[in-house]
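See the structures that follow.
There are two complexes below, and they share subunit A, which is joined by subunit B in the first and by subunit C in the second.
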Partner chain A sequence: MSNWVALLPEVILSLAAMFILMRDAFVRPVQAGAGGAAGGGRDDRRMSVDCLVTLYSIAGALIASLWLMDASAAPDAMIALDGFRVAADVILLGGALLVVSLSRDYLDREGLRSPEFHALILLALVGMMVLVAARDLILLFVGLELMSISVYVLTGFVRKNPRSSEASLKYFIVGAFASAFVVYGIALLYGATGTTRLATAAEVIAAAPAGGDLLLVAGIGLLLIGFAFKIAAVPFHMWAPDAYDGAPTPVTSFMATGVKAAAFIALLRVLTVDLGGAAQVWKGAVWWLAILTMIVPNLVALSQQDVKRMLAYSSVAHAGYLLVGVVAASELGRSASLFYLAAYTVVTAGSFAVVFHVAGRGDRNQRVRDYRGLGWRRPVLGAALLIFLLSLAGFPPTAGFVGKLYLLRAAVDAGETSLAVTLVLTSLVAYYYYLRVVWKMYFEAAPEDAHTPPSPKAGFSLVIGTCVALILLGGLFPGRIIDRARDALADAPAPGMVVQAEDPPSP
Partner chain B sequence: MIQDFLFQAFAASAILGAVIMVTRRNPVSAVIFLVGVFFATSGMFLMLDAHYIAAINVILYGGAIMVLFLFVLMLLNLGHADWRDLRGPVGGLIGGSISIAFLGVLTRLFVGGTDARPVVEIAGSALREAAAEQGVVGVVARPLFTEYTIVLEVTGVLLLVSIVGTILLARRERT
Partner chain C sequence: MMALYDGHWILTALVLLPLVGGAACLVVPEARAKTVALATTLVLFALSLPLFWTFDTAEPGFQNLVSIPWIEAWGISYAVGLDGISILMILLTTFTMPLAVAGSFSYIRRRERAFYAMLLFLTTGMIGVFVALDLFLFYVFWEIMLIPMYFLIGVWGGERRIYSAVKFFLYTAVGSLLMLVAIVTLAWIFQDGSGAWSFAYEDLVSLELARRAQLWLFAGFALAFAIKVPLFPFHTWLPDAHVEAPTAGSVILAGVLLKMGVYGFLRFGLPFFPAAATDPVVVNAMLVLGLIGILYAAWVAAVQPDAKKLIAYTSVAHLGFVVLGVFGLTTQGIEGGILQMVNHGISTGALFLLIGMLYERRHSREIADFGGIAKVMPVFAFALVVVALSSVGLPGTNGFVGEFLILVGTFRTHPWIAAIATTGVIFAACYMLPMVQRVLFNRLDREENRTLTDVNRRERLILAPLLALILLIGVWPGPFLNRTRASVEALIEHVEARSASVPAAEPPSVDAGGGE
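Presenting the complex of A and B:
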């Protein structure tokens, strides 16, 4: 039975999701017309309980993951149990914690009271954690599907809004298409190596003569295409701006942090660790993906007038920066990618939250010109958004800067100078559209009839403040985090996957 | 020998059926060809001595699921053959060339593969031994509940999500 302890974080989350779903079935629904105020009050109470259960269970899973840090599993086990998994879980769970705690106000405002929201977030998290921990291709696929299907539903959650439904349908069709690529790739990899266990497959590939097997090449290619769809790398990104734009903003934030992070971490591990022996097969393709994903979305984002859509393109561009770490394929590349991902997760959760807060009921005010004078009308919100945008752009006192520097060093060390140059140049291009928002916030006066967003509630401000603090800490004291990572790295068991990320963003 | 020949024949008809299926305009005839693909696949499983999988494949996919598909298509009255293809000729060209490239890969593997032993022999002999020991169902059931339990459990959660999601998206709005 002790083997099941390795799944403790996932079990905690699943049980919480079941609890929320069962509670909905047994708590009497509010009767229509039985007095709106009283009914609303009961709905509010139920929402609060659901939200608390979700937050506590995620925190519990986080503690369980950290507790598993010292454990280790057999190398051919189905579920990994090492520093890499703990680091990935910390990023995913921390991101979800931020997203869920920030989305409370949005759900209240838009009247989205279905308990399924929290249950689906939890189950999607289970899928993500299975995806990043899977050491077997079948389990990897099931985790990927669990995550994807939950998020398709979350995207279409606001059924009254046709754009939400459209986004959900698009995401579903493209996502199912991508899954087909992944599963076909897995089948061909099984054909090439005779096993679905990633550790065993790595041995088979290492033993085989380099680069000859057609089946292996086709399998890796299909797997790569499928994952490129999931992390929205150019040219497989067409769905992303529409899906991100149409989804309710907290879900967009969850997609941009959790889904992208999980798919990316799984790709990072499978490619650089397990298929590292076949690097000559995938390296060129990932190089091109990285270059295109850095250039195209940054140029498109320049002309966006809608802040949410601009952030969607920016999130696509960040996938390109992350892919640089994959091409570097070194210890440094892996830890750089994870550090960048952690910083990106915190920033993205925070910036989308500010965007939906400013947008107001029905998401009416999310164009760039609605931000005129925001920095003076709501100084705290403005300052927070300023820090987030600076971190996304990669300015010095933030974690985003350290992450980019770290990625650059990984790229240069691996001899990928052209990637490093592209990273710097595209980041410079990105300054324009990030700083345009800053300019509007501080240097343009608001028109007389401008909508001033309500001052945020205490809980919301607290979480936003935590995000800001984490970003500044990561930017000012990166040495501490890196040193701690080295310490933890020393007693990480399995060679080849000894990577640690920064501390959990725990509110 | 005859097994090997039958396997190849089933495989060829499965591929042919799949190609015809995706090129049909009329959804109903596409579904009918899909049923054919499922039967051909079951035949392949049968030639590999995977009797249980073959039977389940026919009963579940060929039978239950496809009947549901047909019902839905006919209820929604989607069977209009005169609908235009959304993608232009460019999409068809790209899709077609990728398909042909993959067909080429598969052909090369079968014709000029390094391993000359026929597929039927490799898979079949291992399965036959296991089946003699554990029974036809045991070959599937034992790994499912021992080695792959985690996958089974996660699949259960996946089905739960699908059900919850379907109900959430399809139910009448609460007033």
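Presenting the complex of A and C:
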């Protein structure tokens, strides 16, 4: 197998992104303001094509990724080729598939027809996939930047809206700052281990368990801070609610699912597998990050009056739950995190979609009070949101509950009972704000002049229905998914372990 | 027919049927929902009734056992079965549900489809809790129950329904979540010893835990159960929930939901953690809390102007008696406790139904708004007097048998506590009888009360089985006690044998406690 095949999913996505951009260069865009019926129609048609190209290429990348499942790479390859990467790709690509297919209506409604939207989503996706697959710190950084820069632009995509621009700027400044931390951390790690290859670094660290090596400690510390910014762990989360709130909602959804998942998976792998030998260096710090990230955002979310902002805080809190899996630092912890992440991705994509659908043109109706009586006026939409909220709250019989139980098992297994107790008690706090939306939807009567969201289009309903089905399936019959998550991890190489390459790299 | 019934499908059918019926309620026309719900619950009752006769009274273990692997990687299976502790609870549930449905026919006028669907979904959760023999399955049912109840209170409740619904939900959830940590810890301890995770009841009950681990894990379970009972001082959600809930909600809360806390102690708390459950400090604490519940609730009930709130507090007192019986740790006490749970379900359920009928006619539950209505509603008055006497525990009614057994059982191990608890029976008369007097007798001095109509045929059909059971259990409790005896004796033996053989040395696992 040629080495390039290992990059097949990324190649597919990059080609699609370039196609969309090039097509834009050759097909003359409709002048703003001159958009008559014909122009609007052409614009519309072009967006349909963009959207379809994006969806097909993501689906293609997904198939390519699954096809790579049985392949394996040399231990010192720059790109991983194992179950872990495939599992990560499935989560990232599946999430993107949901987000892109759901956002079509929103883009139409808000008049965001530029082709760059889809191109940037695809490029960000390539960045994410490189980030989670990288076995070399330099490559990891390239993936991180490709992802981040694309998302900065997406955040400010609604140029007319000052809040969107503000969010983008904030995100960019903080994000660039975080990237600097990561680069510095990489440099120091190189100094400590003499290599940028993660597998080699793991061997060096395992061979000389020097907890007192200042370079190593500083390097890991800086890397951790950088990633904590990216996954919005408290106290490095300040940018997240503003950026999430200001960005167009589909982008928020993309940030809360894809960006967070990618950064988290990379952190999970680098810390618990490659730097597992130096666990004593980072474990205490991550423990505190987890505790704080579970407590603070859940408390702040209690007082939010805006559903989008509430979901933003809640998604920060979910990063805290995920960090419990990192602290557990075991195979159980990793598979638990991946399962939780998969469930979280589906739910988040679904709930943000319902939120922007309800919000209506210009996102006018996204306060909690705008949800009064929604459950009776739009029963199906309300029921879907109810199930999403229950899953976010970790209530049976949803995938969110199984994920939470998975993380609890990992925490108890690692002897971290205090983390387990914090996890459940903070979920209790979360119950309150999730329930508040439920009681607005069902217990309070809608005012006379209430805005009733239009009945969703067939495509939108289909995708939301898929999300609901996935969540219930994951909650009732998670057996197969759990087995997959476990298998994915079984072949992630432990530090110092050498995986036999099936196909030696061809010259 | 018997051979067909002999199969093991019956418990699963009891769990699934209401789910199907609930889904059907959501899609049929609004006016048909009540019929579908009544038919479903009647079929459910008919299905469950033969369980009573086919039950093998000599068998202390589980009967009608079914176990199907579910999530094999985690050792989770779909395991259901019944024994002497759960059989009466299951029958109580299936008996209560048709009455609750029929009692809502004229009370619920809006969003009927959703209402009856919620009642049926709730039934699935309740029966599931009583039959589940896998802790994961148990927890799923335990939690699922909260959602329909949250909706029942929140959508069809009274003035302060949102406050009450959220309070109910959050109070119950605090306990449940800590119990989840305890369950996971138990499964992990099992894995530590055997190499594989398991949530199966049989596996976890066989664990020999060190004393300290038992105390922590017991605390995790006990909080969940104590809130659900509700044991003083965790009872404050109950009056709110009861008062705001629609009649059917109150009936189910009192009739079935409150039984789950004590059921949890009997099913999990005692057999899993015998050393903790027989620890003198724990036992005394539980007994004293039960006792405080009996006396405090009686005093508070006596001054309630709202009849529904008064009855809500009597629940706290009655459940205090049951806790007394359970933690007296004698066969009579526990048998009496189980029977008293049934009694409480019947009599308090009936009281809520009666108050609901009054409320439908008069739109008031204030005791002061009534007086002398026995003249205009003679049948209603008869029913209320019988039910109130049963609630007080008059000999000849079911309440007497349960309370007597509890007091006798507790007296054998804790004479002083039993002696003080006996005064609770007197206090019960002090709040219940004046209420009856002020509502039914005295002078008929309010104009609007003169035109009240007596109970109609539907309401008589609802009340008749309740009154019949009150008298039946009162004079002939044998068949009911028979069915619980073998399992209760086995439970006591298990607890005594195991609490004596607790490992003295603490294995390293004990620090992973279940709560903080």
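Basically, the second predicted complex is superposed on the first by the 474 of 507 C-alpha atoms of A that agree within 3 Å, B and C clash if a C-alpha of one lies under 4 Å from a C-alpha of the other, contacts with A are read in each partner's own complex, and residues count from 1 in each chain.
Just so we're on the same page, contacts are C-beta pairs under 8 Å (C-beta built on N, C-alpha and C of every residue); 3 or more make two chains touch, one makes a residue touch a chain.
Values in this document were obtained by computation on a predicted structure and should not be read as measured data.
Colleague: With both complexes overlaid on chain A, does A:360 touch subunit B (first), subunit C (second), both or neither?
Modeller: In the superposition, A:360 contacts neither subunit B nor subunit C.
Colleague: Which partner chains sit in contact with A:153 here, subunit B, subunit C, both or neither? Use first/second/both/neither.
Modeller: first
Colleague: Touching A:139 in the superposition: subunit B (first), subunit C (second), both, neither?
Modeller: The answer is first: A:139 touches subunit B but not subunit C.
Colleague: Is A:60 in contact with subunit B, with subunit C, with both, or with neither (first, second, both, neither)?
Modeller: A:60 sits against neither subunit B nor subunit C.
Colleague: For A:114 in the superposed arrangement: first (subunit B), second (subunit C), both or neither?
Modeller: After superposition on chain A, A:114 lies in contact with subunit B alone.
Colleague: If we overlay the two complexes on their shared chain A, which of subunit B and subunit C does A:465 touch? Say first, second, both or neither.
Modeller: The answer is neither, since A:465 touches no partner chain.
Colleague: Regarding the shared-chain residue A:413, is it in contact with subunit B (first), subunit C (second), both, or neither?
Modeller: second
Colleague: Identify the residues of subunit A that lie in both the subunit B contact region and the subunit C contact region.
Modeller: In subunit A, no position sits in both the subunit B and subunit C interfaces.
Colleague: Applying the document's contact rule, which stretches of subunit A touch subunit C when the two form their complex?
Modeller: 376, 390, 395-397, 401, 405, 408-409, 412-413, 415, 417-418, 420-421, 424-425, 427-428, 431-432, 435, 438-439, 442-444, 477-479, 482-483, 486
Colleague: Going by the contact rule set out above, which residues of subunit B touch subunit A in the complex?
Modeller: Those residues of subunit B that touch subunit A are 102, 105, 108-109, 147-148, 150-151, 154-155, 157-158, 160-162, 164-165, 168-169, 173-175.
Colleague: State the interface residues of subunit A toward subunit B in the complex, per the touch definition above.
Modeller: 7, 14, 21, 29, 32, 78-79, 114, 116, 119-120, 123-124, 126-127, 130, 136, 138-139, 142-143, 145-146, 149-150, 152-153, 156-157, 159-160, 168, 214-215, 218
Colleague: In the complex of these two chains, what residues of subunit C are touching subunit A?
Modeller: The contact residues of subunit C facing subunit A are 70-74, 111, 136, 139-140, 143-144, 147, 150-151, 154-155, 161-162, 165-166, 169-170, 173-174, 177-178, 180-181, 184-185, 187-188, 191, 197, 511-516.
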